[in-house]
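Next, two complexes with chain A in common: one pairs it with chain B, the other with chain C.
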Partner chain A sequence: MITEINNSLYDQFIADFEERAARIENESVYSLRKKAMEQFKLLGFPSTKVEDWKYTNVMPFLSADFTFKQPVNTNTTEVGIQQFRIAALECYQIVLLNGEYQPQLSDEIVNKNISVTSLKESYQEETFQKNFGQQLNLNKHHFGALNTAFFKDGLFITTKDNAVAEKPLHIIYLFDSDANLFIQPRHLFVFGKNSNTTLIETYVAANVNSKVFINSVSEITMGENASLHHYNIQTPHDGTVLINHTEVNQKDSSCYNNYCTSFPGADLIRNNLNVALEGENIGSHLYGLYLVADKQLIDNHTLVDHRKPHCQSNELYKGVMKENALGVFNGKVLVRKDAQKTNAFQQNNNLMLSSSAVIESKPQLEIFADDVKCSHGSTVGRFNEDALFYLRSRGISEEQAIALLINAFVFDVTEKIPIPAIQLHINKLIEQSLNELETVS
Partner chain B sequence: MGVDIEVLKNVSGEEYKYGFSTDIEMDMAPIGLNEETVRFISQKKNEPEWLLEWRLKGLNQFFQSNKPTWQNFELPDIDFQKIFYYAAPRNKSNLNSLDEVDPELLITFEKLGIPLTEQKLLAGVAVDAVFDSVSVVTTFKEKLNEMGIIFCSFGEAVQEYPELVKKYLGSVVPYTDNFYASLNAAVFSDGSFAYIPKGVRCPMELSTYFRINAENTGQFERTLIIADEGSYVSYLEGCTAPKRDENQLHAAVVELVALDNAEIKYSTVQNWYPGDKDGNGGIYNFVTKRGICKGINSKISWTQVETGSAITWKYPSVILKGDNSTGEFYSVALTRNKQIADTGTKMIHLGKNTRSRIISKGISAGHGNNSYRGLVSVSKGADNSRNFTQCDSLLIGDECGAHTFPYIESKNNTAILEHEATTSKIGEDQIFYLNQRGIDTEQAVALIVNGYAREVLNQLPMEFAVEAQKLLAISLEGSVG
Partner chain C sequence: MLSVRNLQVSIDDNEILKGLSLEIKPGEVHAIMGPNGSGKSTLASVLAGNENYKVKEGKVFFEGKDLLDMAPEIRAREGIFVAFQYPVEIPGVSNINFLKTALAEIKSYRNLPPLEARDFLKLLKEKQKLVEFDASLTNRSLNEGFSGGEKKRNEIFQLAMLDPKLAILDETDSGLDIDALRIVAKGVNKLRSEKNAFIIITHYQRLLEYIIPDFVHVLYNGQIVKSGGKELALELEEKGYDWLKEISPTDELA
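After this line comes the complex of A and B, so read on.
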């Protein structure tokens, strides 16, 4: 599976791992790393022969020369970060520079029920030891294994039972480097019983001229009755590859809402979102929006794993493909034998704006219980000529009419966003990326 | 349904009614697979040199390729060296009329209810019966000949119409296509061949009836149907096998070619022996079926009712090459006991204004696992192509599984593709409604399932539709509530 092209990168990883082995940080973390490394050696980087990577060829992105070392001189300042704030949004700002937590650039959390620390300083915490590495299946995920073997830092966020975050936590990922960077952030989020939290993750376009390869893994555990609104707003710069793997584990009566929005910029965005419904009466809502621009590849893989009865899941992903864009959607709903009375719904709609855009959609259902209601739907097409004509006949210019139709198309997703400031922000981003739209065939 | 489930679980399923075997003297090739076997078959059939070479290429390809691993079930280990690759009823040579056919054989077909004898004119179906690997009798030949329609066994076609066979053999399913297609190319023993000349509308249904009889044999037939410009043909296929404890392999290949304005309708009622309720025995039905709409305005339609086989694994596909061509796929697949089905279709849109329609209805009962796997691919040049896919699954009992793996690939923005799938069980209120009208639960289920599958059954020719409906009801007996 390891081809010529990334042999050098592969060797580089092996060497790096051995160097690390010399300075053992923590017994249990190290043994997990070792296991992951063995697994990665076995798996290698995924080729397109691997079913989950059938349409997404990562090989070309691995051929650049990468460094794993943090650049020493950075000129990121507090003022510089201001531009990445979401307008009119009250929040706790948490800044990560090249994948490492920067307390001096972040807001102080006054709420004593919420703790935000750097992952590498939390190895001794009981919650960390209980939850770390529990969700991720190393045997299946090439990049997950790689991350586990090599992660340096990330965030460790916990909320106590009954904690209510009065403001959203806004995590800003910044990149600042002159050399090509390969970074692997690792996060662990543990939310207590009856807690209520809003988490926003934004990947922003920083002023970098080099290539950045981000291989991020987050593990999220939600206690009973917990509620989480989780936003992913992805606007990285050209030359970025973002592999974002999220594992969510939900306990009884919890409610997880994910809003994943990807915008033009990065060369490749791959989102793996795996939600395990490990309890009864759980609700999971996954909303996705991807605007894919020229020569960009955005790939969304989701897995909703119904393990217990009486749960409900709902998934809606909408995509707009421009120019030579390539969009991939793979949604899997798994209903295990015990998960009777499950209601699962999944929908994927794609709008093709150009004749050279490509979409690969694969909605999947795997059902092992009989008393369930599951359905999925997938459509591909371009906008309705009649609708366009209708608008034109009322004196609306072609560009405006198209913008209107696209807005109507994505509205199903954006209307689901409960915080007006974020909704506004996302609408603005949509408008921006559509303005870049030059010709519509 | 709570109460009924217990009752029904105890009711034993209707026995497989085609499970008898026939004692007939057989001509067999030596056991095992090697060049010798291939040469033996080729020689037995008195084949020309080019065909032998083609077979050997297939054999080579087979030895070089690996077993597929992507399927959604555990692929049983098949020892290809323990199979007889050729089994034919002896004394078959040069039969002129039905009277000369081995009476044992006729009794067999009688039992199966196949209208072999030409007295059954009313049935209006021309039959080519394939017993084990060899076509034994073809009816209505003369009548068809008058219109220029060629309908005969594959072996006969090789002798009499070599140029047609040579031109189209492997043009849709090449010997390199997949593992089992390579195997078939190497050892295929017989099958059916049909050619419909320009502008002819075939006046009757053409039909092949397959039966595996001998022990430890595999059946590897090859069907080739060519519909020349402006012609129409409807083709039926049915299959049965005796009950045996070992698994038997059936790896057939079907190739359809539709030229300009031609239409082919291919219907299958597959009722191979499914194995007993513990999953012992049964047929492995690994078939490659593909049609090409080569000319403009052509149409290929697959209809299948799959109730038999231990494992059904096939994807009847259509390559829509000609502009304005149409592909259709209608399927009902029923799995119960330990049966497995991994079936679906591929619609490859290449030409402009091509249309395809996929209706797949899966029914899982007992410990059955039913998968729909389909590909709809729109290439860059396929402007204004259109696809509609609907795949529904019905689950009966809590031990079975239903899976959907649709692949939707579009490289053209004028294409409109729709896919929808649902999974559910039979509503308790529906059963209740029928119960209170004096219909017992078992009949009610049969009624509902028939209604559920109606869209597909309606596509079948009359005689087959009735048979298929009965088959569904029988197959469901004892397994549902």
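After this line comes the complex of A and C, so read on.
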């Protein structure tokens, strides 16, 4: 159940939990924590014998000495944060330092229909009590249970019915520490009926000379006819492990768009994105892009759960793998018995730049309805040699031609990004990663 | 300008060119005709630097430099351009971006200053007009979803943009309707000068009614079996390729 390597970390968690019990912050949150803790004791950390973690071994990353305490002295200043803004993007900036909300470093939200508060200060809110912990299945998700038992803070964002966010909410996760940190942010986002919001999450390292293990859980609830564009732009530094679990629940006629982009840096990134289509006429669009460098592991697990009829989902994940990179894509589309007239599409394409890179791609369709249109597919390949030759025959160097072809490969995903400043930002990150890739080889 | 001497080429152990020689001077237009499988496209591919073709024997010099030693992009920067018979579709690479990159690399190789964005656009418009290339196609992905004719015209448009010293047109006329053929020919004729040369590889005499060659070579069974002036194309058209069997040296030996 619990492997030996992680006994010390596991014991550390048990002790921490008992310490917490002495200062109960809220009765209902505490009872959920207790349930989650019992569940975590049953599950432990996932070994590669667990199907969902078959290709992703987290054990080596759990052996470092971690502290759960916030570092006291951090050097992060308002000025220092400027560099993490997305160029030319008008937005509300929301800063989390080592997983905790920093209102003094964040923009004031002038829009009265949008509320951004610290999660730990929101336990009394009716919306919190109604939605918190409702979507995450503690019996299945090892890290989800762990997060629920131990989260300290995070964001509680709500929008009123008919609210239109006039500019995106940009959440910047900053890390600033000298000691090895194990942090577990927890968020709850509740978007009202007919609301329209853009949410951007970026991960950046400010002053880190140590290991950071991030175990993050977000629950998102979308009211009827709500629209959400949700970006994950992951550029953490090396030495980082990011376990990012997102649960989305959509009501009738809502539209959820997720753009998940992971760039070289972190040792391990694991994204769990579970979308429940809990209504009719829903649209869900999941776009992913992962560039994986040497000795890195990027693992995307998605679940699109069609529960009601007349919904549409579309998923496209593209990966570029180089050197000894390891990538995992596991995409499951579930069409339940009631979900007639479902249109569900899923595609995963991988471009291998090296013969020693590995991608484990597993597209899954489970259909229990009989009147649906579904397709899925996966490709793994090298460059089109004919295209490479064609470009070179016009005077373009091999390196430039390869860069053009990689950009062309990821274009299907990047072109879907509706905000030009973000598209530009992501294209820059791609270019940067490719340059880094070239200098390595 | 181009000197091909006793070129012998094979692909997958099939001998295709069996000792081909050719001399081309600036200002000349050479037509190479021949039946299917005679090795016409192989010649174009070898000159472009396609590594699938193995050169067994022979030399190729371009302006005195050993062409076979050069990577494909170096050949292009030196001034060779092949308009391909089957241009590749590259989704996601825009025509404009592609041309900008290619021109920048060619200019930098020749120690010329890079084009300003404004001058590039000016050149783009000028050449679009010259070869009557639809401006909307320029903004699209390279050849993606282009009709056969549009692809061929894009090759000629690229030719106009990159302004090579030696242009090799590999069956550019195949798949073109008569109007498109006239436009392509008109474009090529406008690009002809004292300084550049063309090799027109074609199956039919039709294109040569619009682009008048200085020389016509007949390729058969991997060798040039007959060379002559523009009237040779007419003779070939009239007598058909069967006529070659009579004059082929390999057949004579047999």
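Basically, the second predicted complex is superposed on the first by the 438 of 441 C-alpha atoms of A that agree within 3 Å, B and C clash if a C-alpha of one lies under 4 Å from a C-alpha of the other, contacts with A are read in each partner's own complex, and residues count from 1 in each chain.
Heads up, the rule we're going with is that contacts are C-beta pairs under 8 Å (C-beta built on N, C-alpha and C of every residue); 3 or more make two chains touch, one makes a residue touch a chain.
A quick note: this is a predicted structure, and the numbers were derived from the prediction, not measured.
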{"item": "First, second, both or neither for A:Lys295, with chain B first and chain C second", "value": "neither"}
{"item": "Which superposed partner A:Lys130 touches (first chain B, second chain C, both, neither)", "value": "neither"}
{"item": "Chain A residues touched by each partner, larger count belonging to chain B or chain C", "value": "B"}
{"item": "Partner chain(s) touched by A:Leu391 [first = chain B, second = chain C, both, neither]", "value": "second"}
{"item": "First (chain B), second (chain C), both or neither touched by A:Lys140", "value": "neither"}
{"item": "Contacts of A:Lys69 with chain B and chain C, given as first, second, both or neither", "value": "neither"}
{"item": "Touching partner for A:Lys428 - first (chain B), second (chain C), both, neither", "value": "neither"}
{"item": "Contacts of A:Lys337 with chain B and chain C, given as first, second, both or neither", "value": "first"}
{"item": "Of chain A, residues touching chain B in the complex", "value": "51, 321, 337, 340, 350, 352-382, 441"}
{"item": "Interface residues, chain B side, partner chain A - complex", "value": "70, 380, 393, 395-425"}
{"item": "Residues on chain A engaged by chain C in the complex (per definition of touch)", "value": "384, 386-387, 389-398, 400-401, 404-405, 407-412"}
{"item": "Chain A-facing residues of chain C, complex", "value": "48-51, 71-73, 75-77, 81-82, 84, 87-88, 90-93, 97-98, 101-103, 105-106, 109, 141, 158, 162"}
